[in-house]
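Scroll down for the structure; my scribbles are underneath it.
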Amino acid sequence: MIINSRFFNRSELLGFLSLALLLFLILPLTLDIFRLNLVAKYLTYAFVAIGLVICWGYGGILSLGQGVFFGLGGYCMAMFLKLEASSVANTKIQSTPGIPDFMDWNQLTQLPFFWKPFHSLPFTLIAILLVPAIIAFIIGAAMFKRRVGGVYFAIITQAIAAILTILIVGQQGYIGGINGITDLRTLLGWDIRTDHAKFILYFVEVILLFGCICAAQFIRLTKLGRILVAMREQEDRVRFSGYSVANFKIFAFCVAAMLAAIGGAMFTLNVGFMSPSFVGIVPSIEMVIYTAVGGRMSIFGAVYGALLVSFAKTSLSESFPQLWLFGLGGLFIAVVLFFPNGLSGIWRDHVQRHVDRLLTLVKSRKRWSGRSIAVGAPAE
Amino acid sequence: MLIGHQPQEFLLAVEGLTVSFDGFKAVNDLSFYVEENEIRVIIGPNGAGKTTVLDLICGKTKATSGAIQFRGKELTKLKENEIVQAGVGRKFQTPSIFDDLTVFENLEISYPRGRTVFGSLAFKRDDAVKDRVEEVAEMIFLKDKLKTYASFLSHGQKQWLEIGMLLIQDPDLLMLDEPVAGMSVSERVKTAELLNTIIKNRSVLVIEHDMKFVEDIAHKVTVLHQGKILSEGSMEKVKNDSKVIEVYLGH
Amino acid sequence: MFGDYSVGDLGAIFAMQGFAGLILFSVYVLMALGLAIIFGQMGVINMAHGEFMILGAYVTWLTSSFVQSYVPSIFSGYFFIAMALAFVASGALGMLVEWALIRHLYKRPLDTLLATWGLSLILQQAYRSVFGAREVGVELPQWMLGSQQITDTIEVPINGIFVMVLTTLITVAVAYIMYRSRWGKQVRAVVQNRVMAGAVGINTEKVDRYTFGLGCGIAGIAGSAFTMIGSTGPTAGQLYIVDTFLVVVFGGAASLLGTIASAFTISQAQSTMEFFMSGSMAKVLTLLAIVAILMVRPQGLFALKVRK
Amino acid sequence: MSDAQDRGLSLVDRRKLLMGMAALPALSLLSTPVFGAGPPTSVVNTTGLAVTDTEVTVGILHSVTGTMAISETGSVQAEKLAIDQINAMGGVLGRKIKFVQEDGGSDWPTFAEKAKKLLVNDKCASVMGCWTSASRKAVLPVFEQYNGMLYYPTFYEGLEQSKNVIYTGQEATQQIIAGLDWVAKEKGAKTFYLLGSDYIWPRTSNKIARKHIENNMKTKVVGEEYFPLGHTQFNSVINKIKLTKPDVIYAIIVGGSNVAFYKQLKAAGIDLSKQTLLTISVTEDEIDGIGGENIAGAYACMKYFQSLNNENNKAFVTAFKKMWGEKTVIGDVTQAAYLGPWLWKATVEKANSFDVDKVAAASPGVEFKGAPEGYVRIHENHHLWSKTRVGRAKLDGQYELIFETANLVEPDPFPKGYQ
């Protein structure tokens, strides 16, 4: 798919360009590496948020278990990096050199079988995408085929997040327990902890993010994207138009899972560890909040939402540690009550008009008569 | 099964169909047959089980017992989308269209191609699709509204759009649930005209209260009462049936 | 593991384990009743349910401190006053929240989830600012401590019995309110057809507000009762939320009987498994089993087959 | 009612109080100190730390929000008290200690992020912080990469040693072995039931305990169980305990679960004056939430109790209460957190430099005679030599000292034979 004028409409093009400007130029030029690394961390949630736009905004499926997939992606990456960091040379002092330190502390004397394939980077990269996709497929197939949706799906995914957290915390010998997998050092011999590496990883992540944005936009523009919208409104009509609604929901859920997993893997690379605290209920709900704040119907909104909320969280907690929960809680309520379409809704309802008028003045071009909800491409 | 000795002459054969909701039998041991190109109207007082019958045929409601054979396929074992793909189209009582999509997109979704997940990803809006959509849009009086979002349409236009969505599916059996209910007089005339064009060359199952309309189109009428068939036959015959007069036409 | 014990010992242990299961059952019912009303009857997902419970716990703590300092003579009975106050406080807060927040969201159930999550963050921080980050210890009157000797070998904790009795009373009261009283009829009418209920003269707004208030009030009582067995701190409410939702969903959301049956099933399964394996594994297995069953039977244990 | 108001007010007033403290020397040992008389900055700070002629910046990194705020509040208070007292005595190398406080928010990556901020942006000469193992594990690579100095106060599982960390709490063997030996000798204990919250510290500690019980004491473990963090239902395990009748319940349950566990234990009729229970996770802080009446009679094994009867401790408790209110209690970790700034000061003065490398190198052998727990000394492995004590919980929420080791116990973070 080539990016032509039909791939993005005007406001999306504006969003695309301004985001590219911000992430490729403005932030790298103005922030020191410490802050830039923080931005990289925030952006990992943007992947999850894009997935939620597809699955929740478009498909109407609210998953409160995205942390599960974020975690799975992150853990796959962390397992690879940990094996590399646990070379025999690095772990001489252990009673069993060559296995991760936490295994040694828990009397494991050999690498568990499910760790072995993670010596291979290609396997790891495939696993990052495939493991979450398979799990999402199983959950989705079981639930959507039986028409479990809405609230029930949300609660069950939440329970799955709780289960996985308890499991990981309890299995410290195999997966690092509550401390997670820490002290990751190199990727194929390249030290990921240096400032230089952080800088490069930032750009890798941003490029990947734009790749995902384009992929999501592609899905949105195909008939599948329109079917998701259609399904959210009139599930029965879609069914009686000859579509298997369950399959489409499974697809959307799997896409969201894979996007979350990419985010998780990038998180591990940028932050240098992975722990069960990103798998549970609280981070999962926060991920939904990023999407809601940015605008559940807008891919770019979701990215901005993830950036802004995380940024607010960091800066508020730096300046007013006692107050930031009030701020965060108030933000959730305000978004739901007053701005159900989030930032992108505010932009569309209050700013875009003026921008449009400005652009129309510059280029007297026939305007596309938009509707209040920017869904789907203009029909040809 | 009973169907075994029925030759393939019927398009739709409903036999011994029963559905019970917690003991209440909304449809009770119902049997009827629809031939190719037949227009069958189901009438009956409120709560007679008319809509439930359509729900059962299109798979929205699962039968407690009984069989529904369509072109030799057992519909009770199929999922809704498979029933649609087998050639059964259904219009609901209240217009059921996609408000957040344009008229074009609404029709395009019903176009019978790319119905799988990956099929819809690879679906291209080629000339065949565009031509067909425009053709149908013309039939349903919405040719100049193709780029309008469906939520902006009037009630009647929404009904037409839904009929158009069925039309584009090109079903062998078309099921319409009160297609002219809630329409203005002028819309009603136009709808009758529309229905008369689209019911050609296919079998149609209609639920309708408007007797004038029923008389105009029906080949055969089935009267339901309390989940059972009260009377069946030509409009003339049904009209003169004393049982029918008593429960339905009489008041 | 049983080889070295006499039959009598084992019998006593199993009897006590049975009581442990019943206590857990009562705890689950008490947690879930309020939510069953709010979620089951109103379709609102109240993620701040745990925080309403903790409000009840804090009210109990305040009452105990107050009674101890000013009217120590009634200390032995203060718990009943505390529970009543907890009901009023949580119920009032619930009605306020309904008025300010929930009533705008009835058509968007998933959004209530997000908004009430925000509310739960605010409440947690409010508790932390007002009561401090540390847990508070609620002092109980002497008669509520310790255990009741039933036979030579069987002892049952008094607070457990107390919770069981309390749960029974509240369940009966709720069942009466929902299924026998005029008000309950109005609630169910509003649930089934809001427009119609409004048309026949039911003040649907008022019904909504009181229903939500009732659910939150019961949460307050639950929180008050839990000071006997659990901790009271700003974030303690979060511990309960997943369990509570699962109990309600597993039971079939709209059915009070379902909630009770599901609480019974889950509590018995969990306490039995806990006896034979580690607490952590028992928890994981219980949750997994619930999720698996819900995947096979999404409507929960009790669901009416209705004409859609 | 007034009780609650006191607490509410005291929180609001703490900041004001703190500001006042800087001007009012808490111990009034000296008149208002004059800063700037120390050795020149170019000599004591060769690595660009935030040290001026009159000031030196350190970081405080704990959770003041989230689930861990409950536990970490005491550590923040102790560290601030120590800093105030040091400043009142003339500071470190003639420089006043200024602190930057960051909130870890009970979230491990936030800890890593804030640690990095403290080291990279604020150039803190040292950081007092962290509480859970997970947060320490998260910040450890940061401290090693950016060469910072962390003073970590919590008793923990061991299995770690870093040039960049001074562990002012006890590692597991210090805390566990002496206590088990005492209970075996004093109570003749032969059977043990091990309990814990399900994460690394209780599991590792129980592992060490089990090895010691089975291999060295030649006694028996009759049960070992773990519960998810935040678990509140303990009736089943209490029945199992009744069934197995262990001589000692060995409990390492943390957080809110503690409250539920002891309340339910009491309710189930297990009388802690008859049934021996030994815990290593309940300090006076936790008893505040559990309620003294629910835990009275239980034994705790750690290095410090608020009730310790020595001059250092009396002065410390008085100063602490003066600064943070009469009602505050002081637990083992709070005291260990108090040691951090003092040990750092002593080390800096020994090294005559703020440079992290020099401080790390000078640390072994540094003593602190004014420690509330008594004399402590930093070991080669950056842990502290300290005594281990057993206390019995009383109704008022305090422990009374029952036993203490005669000598300082050597820290052994990688114990041979226990892994």
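Order of writing sets the labels: A, B, C and D. Residues in every chain begin at 1.
Rule of thumb we're sticking to: contacts are C-beta pairs under 8 Å (C-beta built on N, C-alpha and C of every residue); 3 or more make two chains touch, one makes a residue touch a chain.
Predicted model, so just to flag it, every value in this text is computed and none were measured.
S.K.: Could you pull out the chain whose C-alpha mean position is farthest off from that of chain A?
M.R.: If we average the C-alpha coordinates per chain, B ends up farthest from chain A.
S.K.: Grab the C-alpha centre of each chain and report whichever is closest to the global C-alpha centre.
M.R.: Chain A is the most central one.
S.K.: Just give me the whole-number Å value for how far the CA centre of chain B lies from that of chain D.
M.R.: Result: the chain centres lie 75 Å from each other.
S.K.: Let me have the rounded angstrom distance from the C-alpha centre of chain A over to the C-alpha centre of chain C, please.
M.R.: About 34 Å, centre to centre.
S.K.: Please work out the Cα centroid separation of chain A and chain B, and write it as a whole number of Å.
M.R.: The mean C-alpha positions of chain A and chain B differ by 43 Å.
S.K.: Rounded to a whole Å, what is the gap between the Cα centroids of chain B and chain C?
M.R.: Going by mean C-alpha positions, chain B sits 48 Å from chain C.
S.K.: In chain D, which residues are in touch with two or more of the other chains?
M.R.: In chain D, 64-65, 198, 226, 228 touch at least two other chains.
S.K.: For chain C, what residues touch not just one other chain but two or more?
M.R.: Residues 125, 128-129, 238, 280, 283.
S.K.: What positions in chain B touch 2 or more of the other chains?
M.R.: 60, in rising order.
S.K.: Could you list, by residue number, the parts of chain B that touch chain A in their complex?
M.R.: 58, 60, 79-81, 84-85, 89-90, 92, 96-102, 104-106, 108-110, 112, 114-117, 120-123, 125, 130, 146-147, 149, 151-152, 162, 165, 169
S.K.: Which residues, counting only chain C, touch chain A once they are in their complex?
M.R.: Listed in rising order, the residues of chain C that touch chain A are 39, 43, 45, 47, 101, 104-105, 108-111, 113-115, 117-122, 124-126, 128-129, 238, 241-242, 245-246, 249, 280-281, 283-284, 287-288, 290-291, 294-296, 298.
S.K.: Over in the complex, which chain D residues touch chain C? Could you list them?
M.R.: 1-4, 7-8, 11, 64-67, 69-70, 73, 198, 224-228, 230-240, 242-244, 255-260, 263-264, 266-269, 285-294
S.K.: If you look only at chain A, which of its residues touch chain B in the complex?
M.R.: Against chain B, chain A makes touches at 219, 222-224, 226-227, 229-230, 232-234, 236-245, 247-248, 250-251, 369, 371, 373, 375-376, 378-380.
S.K.: Can you name the residues of chain C that touch chain D in the complex?
M.R.: On the chain C side, the touching residues are 1, 5, 9-10, 13, 16-17, 19-20, 23-24, 27, 61-62, 65-66, 69, 125, 128-139, 145-147, 149, 155, 157-160, 226, 228-236, 238-239, 270-271, 274-275, 278-280, 282-283.
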